[in-house]
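Below are two complexes that have chain A in common, paired first with chain B and then with chain C.
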Partner chain A sequence: MKKNILGILGLLIAIFVITAVLNPKFVSAYNMQNLVKWSSLYSIMGVGVAFVIITGGIDLSIGSVIGLTASLLAFTLGKNWDPVVAICAMLGLSALIGLIHGLLITKAKLQPFVVTLCGLLIYRGMARWTTDNQSMGFKGHDQLNEIFSGKIPITDTFALPMPFVFLVVIAVAAALFLNRTIWGRYLLALGNNEEGARYSGIQTDNLKIAAYVICSLLAGISGLLFAFELDSVQPAQTGEFYELYAIAAAVLGGCSLRGGEGGILGVIIAAAVIRLIYNSINMLGISTHLEYAILGIVILAGVVADELLKRYTAKRAAQ
Partner chain B sequence: MAAPATPLLEVRGLGKRFPGVRALHNAHLKLAHGEVLAVIGENGAGKSTLMKILAGVQPADAGEIFIDGQPVQFQSVREALAQGVALIHQELNLAANLDLAANIFLGREPHQFGFIDQAKLHAEATEHLQRVGLDLPANTLVSDLPIGRQQLVEIAKALSCQARVLIMDEPTSSLSQHETETLFEVVRDLRTQGISVIYISHRLGEVTELADRVLVLRDGENAGELSRKEIDHNAMVRLMVGRDLEQFYDRKQHDPGDIMLELDAVRTPAHPHAEISLQLRAGEIVGIAGLVGSGRTELLQTIFGVTPAVGGQMQMAGEPFAPRNPREAIRAGLALAPEDRKQHGLILQMAVRENASLASLSRDQKNGFLNFNAEEKVAAEAAEQLAIKTPDLDQATVNLSGGNQQKVVLGKWLALRPRVLLLDEPTRGIDVGAKREMYRLMEQLAADGVAILFVSSELEEVLGMADRALVMHEGRIAGELPRDQLSEQAVMQLATGTPLAA
Partner chain C sequence: MKVARYLLAFACASALLLGWGCKKPTDSKNNTVTVAYVTNGVDPFWDLCAAGVRIAEKEFNIKCEVHMPTKGLVDQKRIMETLLAKGIDGIAISPIDAENQTAFINEAAKQTKLITHDADAPDSDRMLYIGTNNYKAGRALGELVKAALPEGGEVMIFVGRLEQLNARQRRQGVIDELLGRPEQELSTAKFDPVDAKNLKAEGSKYIILDTRTDNFDKAKAKSNAEDTITKYENVACMVGLFAYNPPACLDAIREANRTGKIKVCGFDEPDAMLQAIKDGTAQGTISQQPWKYGYESVKAMKRILDGDTAFIPENKFMEVPFLVVTKENVDEFWATKKEMAELGKQ
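And now, the complex of A and B:
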């Protein structure tokens, strides 16, 4: 796992240095600030889905949960809900969504892919229908804007964006949970071998449900952050396809889709790599039409390299 | 110069390694024309590996194979078959939805312009069926045949490929007594036709009855051979375990204590109509024998809460006990070392330390946080008490040998000090040394007052270790045998559904 992080960290540094050398504007305070902000937003989604992937599951509904909470937040604030109540309602709603996913997967024994694919469609539809598919903004909510999208000045030109602060809190909590609590250990055990974990007295169903709740809750928090970051919400578009970035970050960051493997730091670095690739493409004047292609190639290469490394170490261990 | 007859099959210095295990080392074997050679040995002695190499299922790392004096190398089952060596698998490989003729000629159908020549197919199939004593129309569906007859179809299929060496891997493990006798008649008949048979079995009675010669394997090496007149039960056992039985199974007499576990008319989901009642006392070792599929594993799983009972009552130390999942069973003081160690017993990719501590993490937790000191202590104690051979505690359990893996499973449970220990095939796939340690551990735990209920397909083990044995047949307990009435014959009779003569 340590080697895994070193590989992806090396990739991050390599792209960073190359881009910085080729275009000095890349390291400007403004660009760095943006990069940190977007990397943080992607990381929060990625950390959420990492928990689900560690159990051997998948969550395809993240983008739609983001769209739903962002839309409903703008909608309820527009209806003059108390901001605290509105935000708590959004967090409660996203946790409830995760709970329903978890129950359907563990108790009704449906496949995670199917459950969350249906979720992807349902929540997007709900967001559009409730809001009549109108774009909405957040005029008059400066305080909320400060909390979710404000900045903490560090130097004259560089300020830490609030999403980064959120990420630090979430990442520390997630890493402690995964590596230091018995439930984190149970999660890794059941991801490796669910039956084996059950035979050891672990309540595997409850833990899996918890993983889906964590994933959807973090998607809901991402929804709030994205809403204020983008300053306006389009119920049909906000968050669309974001689940794919989250899954890509988790996989590139060392989570195996077979389950049982993964760490928080790797996912965060991988999310940063994904944002960095976007930024570098812009900075280096490469055609933005190639964006997706380059992103796909880098992720594929990363996963292949990881697999080869694993086989190599397994072979050496066998000898 | 009259040279000795060239053996049909000869094996010299065969070796095979798997990660962490030396499965076979310098194995020899000679097989004459029309000879029935029994290959015996405990689980993990290398019988299956040897047979798989001979049948081309897997390649050897070292050694040579000769057929009629000519060196051969098998890269695949097809190549072995082309040389006349056929393996009859323990699990039958027939397509149940096809008829007998289609199965016999699967992949080798006589055809013209791509169309199967049905008339020829059925005529030839009928001929081969008759050779194995099956008087059935060739268009009978395989699914309509009982398992014993399906096995004869497998043999007919091998004969249709001009097989000269038939390797039978535990052919009687799921047969009734009558079916077994039919099979023996067929084997004797084949012998007169000049076909040689390598017969692998755990049932020493069958070996005595059938074999011309016995080859004993132990820990992947030749342990010895017995000619026809030397074959007897004690001689075979001595070669298999490498010492006299009394030394190997070191059981002492101690008085059983209070009743720890009691089942009253318990029904398992696997056999919902069979009621099981039993009592298990502290300090007692009770064996459960029976054929594969008789419901032994399912019984242990129900007691452990993996598949909750569908009826009846259980009591644990006098308290009502109805576990809905393993956690509740564990809390009541039970532990299970399951049959399928890799799927159910261990998290293979995780370290020895993590596996050994998995069940005791929640006891040692500090407000939900892992207690790394306690974890280290649990793992180190398990490694010391059970003499687990591993480079270090951070080694992934997948890299350990079977015996050491089993020790990790036990270490996980012993940390919780269980009052009832359930063991399902406790010595499957582990070497003789680890087996002895396992038996000593069972004896020691029983002396400390742990109640042990173990399932085993190895009769020797049941005879050697159990204070009394319960024999299962079709989901029911067909009979109970106290230690002084325990014998291979008695167990087999009960296991195959024949009542004991009064």
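And now, the complex of A and C:
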């Protein structure tokens, strides 16, 4: 696992240095602040899906959960709900979504792919239907804006964006859960060999359900953060396809799609790498039409290099 | 369980048969004709168009179904096929991919009265195209930039996608206006390459730095604006060609504490942009007055169905006038928009 992190960290540093050399403005405080902000926003959902991937499952509904919570938050606040109630309701709703996923997957024995794919469609449809598909904003909610998308001044020019604070809290909790609690160990064991884990007396169903709840809950939190970051919600578009960024970050960060493997730090670094690539493309003035191609090539190169490095070290260890 | 399934199958089959039996005499039963207004997707923009459809329905005593395909080309085709199967009297469609849909549009045009709106399929047999002259609208947007920057300066363009013809035409209009080039004909317009950087012209005080796309991702739109602020310290004006671009620019500018220093000009009429125009933080926006699209489409179909085709111009292009919204007329415009948004929801 440690080596996985080294590979992705190397990639992060390499792109960082290359961009900084080619365009020194890249390291300006303003740009770093933006980079930290976007990386944090995308990391949170990556951390969520990492839990599900560790159990050997998948969650395709993340983008729609983001869209649903963002839309319903704007909608309920527009109907003069108390902000605390509205936010708690959104968190409750996203946890409930995760619970339903988990129950359908463990108790009804449905495939995660199917359950969450249907979720993707259902939540997007619900978001559009309840809100009449109108763009909505958050006028008059300055306090909430401060909490979710405010900034904490560090120096004259650099301020820490609030999504980063959220990420740190979430990441620390997630890492402690995964590495320092018995349930975290169980989760990894269950991903490695579900039958084996069950026969050793681990309540695999409950753990799996918990993983889906965590994933949807973090997607819900991302939804709130994105909503305030963008100050505007479009029920048909907000969060669309974001599950792919989340899954890419989780896998690139060392989670195996076969389950049983993964860590939190790697996922965060990987999410940052993806944002960094986007930022570098703009900084270097490369055509935005090339963006996806570059993203694909860099990630593929990173994974190949990582694989080669792993084989090399394994060989040396064997000698 | 099995019985229930049979019952369900029976119910489905009888419903189908019933529907089939009733299909034919749609227009003999009552004399109001039914037409359809098919959009290219789901968007609040189309709700504003639907408002115009509703007004025209009442005015011309005609029924019009509004269909918004949720998942692109395939969905649009499915909707069209259903409408044709129902024997619809007329269709106004905004083709998603005009060039490659031409054959299908021709097929539909054989079976019903077909016009295009918003986006044209110029090589098809559609009877009429109702839309904005996006090149002219782009030039009007260029004039807004000139008004915002009378001394000249660096200008950056943001847009969702440049694969769409209307986006390319708008962009070219802005570029040609700022660089003082002569006006081009819409049908023969030549475009600068999509990744052209630092466009300049002799005698022009403006530099067009670049055009950044975001594939309709609002988060990307905002980070594009942020990255522009980082990369180009002297950027003086941001031009957003799709509805959500100007608000994304305004957000990025505000967060970088550059409000007022970097001007914003845009397209379409999101509330955030109208507010910014009111507050003076944005120069102005070009509205295509979407409700007029809906209204004119239904009106044209009604006239065609009444046998009147004399109003169709020779080039088959009916221009819907766009409106330049600035501080002077923003209040009045906003009131209309609110009214239309309400109406369109019904």
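Assume the second predicted complex is superposed on the first by the 302 of 319 C-alpha atoms of A that agree within 3 Å, B and C clash if a C-alpha of one lies under 4 Å from a C-alpha of the other, contacts with A are read in each partner's own complex, and residues count from 1 in each chain.
Here is the rule we go by: a contact is a pair of C-beta atoms (placed from the backbone, for glycine too) under 8 Å apart; a residue touches a chain by one contact, two chains touch by 3 or more.
Just so you know, these numbers come straight off a predicted model, no measurement behind them.
Peer 1: Using the superposition on chain A, tell me whether chain B and chain C clash or fit.
Peer 2: fit
Peer 1: Kindly classify A:Ser28 by the partners it touches after superposition: chain B alone (first), chain C alone (second), both, or neither?
Peer 2: In the superposed model, A:Ser28 contacts chain C only, not chain B.
Peer 1: In the superposed arrangement, which partner chain does A:Thr181 touch: chain B (first), chain C (second), both, or neither?
Peer 2: A:Thr181: touches chain B, not chain C.
Peer 1: In the superposed arrangement, does A:Ala236 touch chain B (first), chain C (second), both or neither?
Peer 2: second
Peer 1: Please name the chain, chain B or chain C, that touches the greater number of residues in chain A.
Peer 2: Here the partner covering more residues of chain A is C.
Peer 1: Is A:Met283 contacted by the first partner chain B, the second partner chain C, both or neither?
Peer 2: In the superposition, A:Met283 contacts chain C only.
Peer 1: So in the superposed three-chain picture, is A:Arg198 touching just chain B, just chain C, both, or none of them (first/second/both/neither)?
Peer 2: Touch status of A:Arg198: first partner only.
Peer 1: Look at the superposition and give the distance in whole angstrom between the closest pair of CA atoms, one from chain B and one from chain C.
Peer 2: The answer is 25 Å, the least C-alpha separation in the overlay.
Peer 1: Across the two complexes, what residues of chain A are contacted by chain B and by chain C?
Peer 2: On chain A, the chain B and chain C contacts do not overlap at all.
Peer 1: List the residues on chain A that touch chain B in their complex, please.
Peer 2: Those residues of chain A that touch chain B are 180-186, 188-189, 192-193, 195-203, 260-261, 317-318.
Peer 1: Within their complex, state which residues of chain C touch chain A.
Peer 2: Going by the criterion above, the answer is residues 41-44, 47, 70, 162, 194-195, 197, 210, 212-214, 216-220, 222-224, 226-231, 233, 244, 247-248, 251, 256, 270-272, 341, 345.
Peer 1: Residue numbers of chain A touching chain C in their complex, please.
Peer 2: 23, 25-26, 28, 30-31, 34, 38, 41, 128, 132-135, 137, 226, 229-232, 234, 236-238, 240, 278-279, 282-283, 285, 287-289
Peer 1: Flag every residue of chain B that touches chain A in the complex, lowest number first.
Peer 2: Touch list, chain B to chain A: 19, 304, 306, 325-327, 329-331, 336, 338, 343-350, 354, 358-359, 361-362, 365, 368-370, 399, 412.
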